[in-house]
Amino acid sequence: MIKKALRKVCVVLVDRANYGRMKPVMHSIATHPDLELQVLASGTMVLERFDLPVRVVKQDGFPVNGEIYIELEGSTPATMAKSVGFGVVEFASAFQRLRPDLVLLIGDRYEALAAAIAAGYMNICIGHIQGGEVSGSIDESARHAITKFAHYHFPSTKRSAEYLLRMGEHPETILTVGCPSSDIARNLDRKLRDEIINGRGGGARIDLDHPFLLVVFHPTTTEYGGEPVQMQQLLGALDDLKRQTILLWPNIDAGSDHVSKAIRVFRDHVKPCWLRTLINVPPEEYQQILATTACAVGNSSSFVRDASYFGTPVVLVGNRQEGRETDVHVVAVPPEKEKILTAIREQLAHGRYPASDLYGDGFVSDRIADALAKLNPYIQKRLHYIYQANGNGAATGEQNGNGEALPNRSVTPWKSLAS
Amino acid sequence: MIKKALRKVCVVLVDRANYGRMKPVMHSIATHPDLELQVLASGTMVLERFDLPVRVVKQDGFPVNGEIYIELEGSTPATMAKSVGFGVVEFASAFQRLRPDLVLLIGDRYEALAAAIAAGYMNICIGHIQGGEVSGSIDESARHAITKFAHYHFPSTKRSAEYLLRMGEHPETILTVGCPSSDIARNLDRKLRDEIINGRGGGARIDLDHPFLLVVFHPTTTEYGGEPVQMQQLLGALDDLKRQTILLWPNIDAGSDHVSKAIRVFRDHVKPCWLRTLINVPPEEYQQILATTACAVGNSSSFVRDASYFGTPVVLVGNRQEGRETDVHVVAVPPEKEKILTAIREQLAHGRYPASDLYGDGFVSDRIADALAKLNPYIQKRLHYIYQANGNGAATGEQNGNGEALPNRSVTPWKSLAS
Amino acid sequence: MIKKALRKVCVVLVDRANYGRMKPVMHSIATHPDLELQVLASGTMVLERFDLPVRVVKQDGFPVNGEIYIELEGSTPATMAKSVGFGVVEFASAFQRLRPDLVLLIGDRYEALAAAIAAGYMNICIGHIQGGEVSGSIDESARHAITKFAHYHFPSTKRSAEYLLRMGEHPETILTVGCPSSDIARNLDRKLRDEIINGRGGGARIDLDHPFLLVVFHPTTTEYGGEPVQMQQLLGALDDLKRQTILLWPNIDAGSDHVSKAIRVFRDHVKPCWLRTLINVPPEEYQQILATTACAVGNSSSFVRDASYFGTPVVLVGNRQEGRETDVHVVAVPPEKEKILTAIREQLAHGRYPASDLYGDGFVSDRIADALAKLNPYIQKRLHYIYQANGNGAATGEQNGNGEALPNRSVTPWKSLAS
Amino acid sequence: MIKKALRKVCVVLVDRANYGRMKPVMHSIATHPDLELQVLASGTMVLERFDLPVRVVKQDGFPVNGEIYIELEGSTPATMAKSVGFGVVEFASAFQRLRPDLVLLIGDRYEALAAAIAAGYMNICIGHIQGGEVSGSIDESARHAITKFAHYHFPSTKRSAEYLLRMGEHPETILTVGCPSSDIARNLDRKLRDEIINGRGGGARIDLDHPFLLVVFHPTTTEYGGEPVQMQQLLGALDDLKRQTILLWPNIDAGSDHVSKAIRVFRDHVKPCWLRTLINVPPEEYQQILATTACAVGNSSSFVRDASYFGTPVVLVGNRQEGRETDVHVVAVPPEKEKILTAIREQLAHGRYPASDLYGDGFVSDRIADALAKLNPYIQKRLHYIYQANGNGAATGEQNGNGEALPNRSVTPWKSLAS
């Protein structure tokens, strides 16, 4: 008896946060009887400066089929653009070699855009998690551009799914599954051990029996040049507050060198006894910190998304997440010291919020894996509007057989899913 | 008195067809009192194999601020993907050097996508001509991805404009101007001189006093591998017909080597006495051919677009233009010999159609240049849906002041245009 | 019992000629009990425009561990330079993945230089075949630069070996083995079948029962811009002669588009009834042609090297091979019509020369494979002069123990070979 | 009267040390009546992480015609190799745009190699400073490879000049001028102001009235993976000594992340009160530090070269400079704590050495500029051995007129210099 060929799904990871969300999906794919998992680690996953997050992937038992270096030094808009270019080149090499049946991407980072373009031009079917969301930074444009190359969509929220539909994606290619980060949250042992915090990084010792802040502040690339002042304002608020604080270094976006420099200068001049800095934290441990912190301050998308499951109070600073769906646990402020300070104090006074399932119910990964196994890979996308009556948005074309008359209607997605 | 700084508009040209459409726009920009024209020539514009179309740009008196080589040899999906990557890298270098205020792109080619990504990540405002259209090939995805990076849109048709709006683009950034190719058509001296055809290229002499066919057949990248058979079917139909025919070699998309090889093999084996092949034809002369031919056969977008002004009968072969708006002069057939043959015969019997203004009225370029001078460059895009009531598509947000409450609403486009 | 790990030797092939020479070496490696063969196909090996020579490698039963696209279109000095750059990037990816113990290169092409640089900076030991030769074109510089990165040298001639020594290479790393192309020549069945010539390519039928010329003319990159005139002179001479002629299209060096264009223009205008053009010929079949032709005309290095075994009369045109060791079968002329014509006539009158073993005795490949199995891979090179007394070239340092005093003398090459 | 076109000399700078040596040459070129200076800043010159050394170039009044980003993040052998590749691509773009008559390079870094390859394949004449030296690391191979692409050589020492000659470079292209760093040393005001040290960087305050150490330790790429232990040994020695110490962060070579991490870990754990760290120091100020320090410890080539003028005691650690000509002020030790410690103590006990002119007399830059103005740019290099009698090294060919008979002898360098 001939063994059925497994469907090869190539997961692209580009940073620690990616892996934090994709880990349960990767597990579901790896254990699915009809799927074979391929993993490409790229972006900051393979950088020593970010503590080589790819090592955690390997320790967790996943295959790593390629380690792809694409980050051009400089942390400027031009080098960020060029890193996209190098990404396209390198992902094309990897896809040429691995010949996946599907490429599975998450989010809106430039490295993911690079993978989407490479796969798209190579006629490889693309699945995309977290499409249809809205934010600031260049990520906003990149996310929707990825959508326009993606053949199947796994949005995290109902609004995202609706937006994908409105953007002209084929309705049968949009599966509203929720965000896989909710799976991690659901299964999480929230107990935060001391060595997770004090066993790595540098600076002050954090006493986990007392409240502590978590701070993550990435650059907003569309405001390039404004980061030093923004970060100074944030650090100024923290310095007024003088509560024990865990700060993660920023990601690699254009402007991150400015953020890092502001932190280093602050640390050298102020010598804050309340500050601990960490480079990299494995996914579950990051979730434990997020579930435990008294207040998360900054602009990580995990503050909007993952923190919602834990009801963690959040002070969202600046425009990076502007437009993103948030639940009640989030208070948004401009990057101004006094406003940040006031908001943190209010959130500390308020305390933890009830858990939210805005971004998923904790059973997402198996849904994605099942869909990947059953869906019908296709190549040619086409703006769905042309199959609809104009103007009112009501779909007309396909069900009543008009679709059959269209030449080259290769799209019959989800057919097997419906049965 | 201090002289006002001119707004620098960087036009990106990537092939002969690009220049054919952008030439009147470039003229309008170059002669506009508030604008300075920058030109980057890339793609096949700078390749000897395509007869260096950039030379025509220089001969026409335009500046060429950079000649950018990005085409990786191979003509496969992987090399096409990598060419996008190299394009991003090289356009980033060029934009870093030229520091344009606006980048102006046209169409859906991968080289244009590369320029859009470079400009997008470098916080440069992007204008895009011909967005919102629908077609086959990977161009379909690339076109909409460019839209998602573009800050201002100059669609060619009303339907395109509507589609851009439905995709979530800000309504004030969509200016329905028509296609600038109509400007060329309007002003064209249609007299076709003999040396234009018989003074270049190779093969049979074409007698311009008698009817001749024009054939252009590019690969449809999403059907990579199918080109040889498709081209053989098309050549088979032509060989049955045995009418004098001008054939242009295909563009550089993945699969073009297959198309070229099919042509060479056919030419060597059949030695057709009715066939003339051309590599490159300057814009006006190409329009003259298109206006004169008895029937255009193949899948060039110029057959849908430019041919409409001339009422030229067209047999559109295969899926490359599937979904594109066409007027009555176009008959679409699958790439099958008998159906192609029948369609050509019908079109020859029918003769020329009335002129159409579906794609523009011939006064487009000045509109674009005026808009470029008056618009308000901005950086941060955001899906427009979030400013609208959900579900029914009716805009609500901005006019009634809700917009003012949004932090960082830097978008106030077209303000000065409205006054 | 634990199986000994085989030493992994990664052979880099960049064009048809490479493979023509490396094939017997690859066979010797693949069948050696201590070696494992890895093959990277790059350059024109993977291009359809050159008829995909990599297919022959696969048909011959060799593994192909990577197909690497690095050729930027344009055929200009700038695109040639950039292709080197892309090559370094892509070879680095391949070496990172394949982790060879040794990289084995041949010749002086830019793609080989790219591989040498990638391997060198990645601390991989490099073996180089055909070092120490002298020629024109940029190949001259590239060849010696490769030497400066190579850890072991397999020169083809005694003079080459001596030159490598004089250039400061460690004497124990230079193994004068001869050129492996001689192995092919020794074993060749010289019978040339009709379909080899007339079953591919285009143009006139060649009657193999009568004398025919073989013409190969590549650009000399250091004379960029001069190729059209040079090729016109050569074609002019052939047109005066009007003997039946097989012409191979040029390689991909800067200027090759000019050479190709000159050929196409000549073919279209003159319509020579005596000319057949071929794109790609497998190694043995090329050798059969070379062994059979009445006179080889042009500047291929095979005319100097491989033709010597066959005593084939050669008219060497221009400076591309200037400085290369030649035997009596070669007459060198400048690229001038009359001189070419006269020389061809003289060579045709002279007829075949005696066989020469200047470039090898036909038992080379096994020597190379044995050396690859026995040599001591090392990383740190150092100009050998510092271990010698100055001025007279006599080695003094190492044998008498001074070498032992040098810190970090990791170089003990060939030790096991001597035993 | 028509103004004579100036000869355009494009100087390539890739790091702080480059500029430290090239600054007087750039001044001599900029002020020479027949030369026009072009400057390309690349490598770490344009990185914020290295404090943007290019800013100093601009502040000093030099033009900067291009800022070129080529450093791929990762600091591994593979990323270092890829950075060479990106360098070739980017320098090719820059040279295509700037069209220099000559490219002037210094040293042996991979970025300089990239520039040499780009210029070489683009038929641009290359001048190279500091060729013919010997060292460890991959720089050793890169330096000689650059020599093989360079058309003119400006070696720093007599031995280097002799080695270039022995390597087969044309004798008339080798001008032994000395190292331009000696010009800086000659003119240096050695007074070290406090703010130069204590006004930048972080850590302990250095009291300039008392002796202090200067430490610079770069990775030796050919010993990749060994850096952490080496650096720990060095830091261990310093920690035993506990003298006030200025440490500069390492360059960007493969392995530098390991060195940096070892420093950070040491700093966080040991909290040394005697250590100050600096990122970037402008050229003259670095020379002042080097002239003032009681002992320089590590493996910077400036310790061998520049320190010789000042007679600064040096402890050279490890193999990075192995083989380089040194004067009496240098004591070389392996990277072992006790041996480093002993050597530092001996050097501190010895005190300053007499000044050496091994690497130049301080009048070098004008010689180079004069030569650049007078030399005869040529393209085709050729191993000089073929113009000499074989075996005994005695030149025979050219002087007696045989040279005239050689076709294409375009090389008549230094002709005008002789007059």
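Going by the order they are written in, the chains are A, B, C and D; count residues from 1 in each one.
Going forward, a residue touches a chain if its C-beta (ideal position, glycine included) is under 8 Å from a C-beta of that chain, and two chains touch if they have at least 3 such contacts.
Because the structure is predicted, anything quoted here is derived from the model rather than measured.
Listed by label, the chains touching subunit C and subunit D alike are A, B. The chain pair with the larger count of C-beta pairs in contact, out of A-D and B-D, is A-D.
Separating the CA-averaged centres of subunit A and subunit D is a span of 43 Å.
Chain centres here are Cα averages; for subunit B and subunit D they lie 50 Å apart.
Shown for subunit B are the residues in touch with two or more other chains, namely 78, 82, 86, 89-90, 93, 96.
Within the complex formed with subunit B, the residues of subunit D that make contact are 66-68, 89-90, 93, 96-97. Contact residues of subunit C toward subunit B in the complex are 46-49, 69-76, 78-79, 82, 86, 202, 252, 257-258, 261, 264, 268. Only residues 77-78, 80-82, 84-93, 95-96, 110, 113-114, 117-118, 120-123, 134, 136-138, 140-142, 144-145, 147-149, 159, 162-163, 166-168, 221-224, 254, 319, 322-323, 332, 334, 379-383, 385-386, 390-391, 393, 406-408 of subunit D touch subunit C when the two sit together in their complex.
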